[in-house]
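The two complexes that follow have chain A in common; it is paired with chain B in the first and with chain C in the second.
After this line comes the complex of A and B, so read on.
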């Protein structure tokens, strides 16, 4: 089995990119692959604790928590989160690592495949 | 053995976070060995409207209160990061090479590499991973 690293930069609400990335991560993990998911830029909003679930808006907290149970490593860019007032420790969903960009490029470098969704 | 990641920037500066994230992610390659036992070598390429990131005398600090992309580029040039700029795109936008950022004031020996698009394509073919911003 291989290692897949997905980097996503699009916002939770306003784009379907993040929904797609989470779904792909889930499918790859179900097939037995090692998966890393990087949330950067506006995608760090998906890591915010305390989101309310509405039927008209994307809501990925349950899915992201499910990914962690499947062994997917999920990390959010520390600088991008802090710039948005999403603070490590108090605001970030448990299990999501708040870390520097070097985590992502290191994971990418060691992956068999990288899917980088960088343009919103 | 090192891994090479090519960061391709196609967005103009300041109205999108992506061009800035491209350069900060490229910079972070230099500390990636905290996580893995191999160096990660970045190459940055500006294409399309992304070449507008490379114009000198950016005043974003005065006007937007933001560190300029020019400053980031200069620092990376002084650290010898390989930075490519698409020749056809600067010509299309009427930008002369002398209008581009250089890092001489920070001690950079080499400036931006203005190259034909076919050379950037070649970089895309040889890199280990491609990240498109």
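After this line comes the complex of A and C, so read on.
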């Protein structure tokens, strides 16, 4: 088995790229791969607590906590989060690490595959 | 280098796609990129499908959520699941790009 690191910039609502990244991470984890998921830019909106679930909106809180239970490491860019008023400790979903980009670079450097989704 | 390229939009930068080089290239049509596999404009297939040396794949889940069935897919394109996609990127393509 290998290690896959996925980095995502896309918004939680309005783009399906984050939904895609979460499903790919879930599938890879189910197949026994090590998976790291890095949320930065507008993707940090997925790390915020208190999201309300509406039928026709992307709601990924349960999916992301499901990933964590499968051993996927999920981190959110601290600067991108803070810039969006999403403060470490108060606003970020438990289990998601709020940390600098060096986490992402280090994970990517040690991964077999890296997929960076840099668009909306 | 074996390059896997994700294409997630209908209106994209086709030039960029054709400038990317590798000993093996695979294009994964996901999200709205699946329309390249299913619709013809002016009776012509999508311009991105014209490279014979590229392997084309389309994600079945994104096809069906948009109302397409696998038999509406261009015959040169392989329909895959998330599980197939994971195996392809972990085994067959060592570098990945998202356009």
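Please note the rule applied: the second predicted complex is superposed on the first by the 120 of 120 C-alpha atoms of A that agree within 3 Å, B and C clash if a C-alpha of one lies under 4 Å from a C-alpha of the other, contacts with A are read in each partner's own complex, and residues count from 1 in each chain.
By definition in this document, a residue touches a chain if its C-beta (ideal position, glycine included) is under 8 Å from a C-beta of that chain, and two chains touch if they have at least 3 such contacts.
None of these values were measured; they are calculated from a predicted model.
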item: Superposed partners chain B and chain C on chain A - clash or fit; value: fit
item: Contacts of A:79 with chain B and chain C, given as first, second, both or neither; value: first
item: First (chain B), second (chain C), both or neither touched by A:102; value: first
item: Partner chain in contact with A:115 - chain B first, chain C second, else both or neither; value: second
item: Contacts of A:66 with chain B and chain C, given as first, second, both or neither; value: neither
item: Vertex chain A, arms to chain B and chain C (CA centres, degrees, nearest 10); value: 70
item: Most chain A residues touched (candidates chain B, chain C); value: B
item: Which of chain B and chain C A:20 touches, first, second, both or neither; value: second
item: First, second, both or neither for A:41, with chain B first and chain C second; value: first
item: Smallest separation of CA atoms, chain C relative to chain B, angstrom; value: 6
item: Shared chain A surface residues [contacts with chain B and with chain C]; value: 114, 116, 118-119
item: Contacting residues of chain B [partner chain A, same complex]; value: 3, 5, 10-11, 16-18, 21-22, 24-25, 27-29, 31-36, 38, 40, 42, 128-133
item: Residues of chain C touching chain A in the complex; value: 6, 8, 30-32, 61-62, 82-83, 85-87, 89-90, 93-94, 96, 98
item: Chain A residues within the chain B interface of the complex; value: 7, 9, 40-42, 79-80, 100-111, 114, 116, 118-120
item: Residues on chain A engaged by chain C in the complex (per definition of touch); value: 2, 4, 16-17, 20, 23-24, 27-28, 31, 33, 112-119
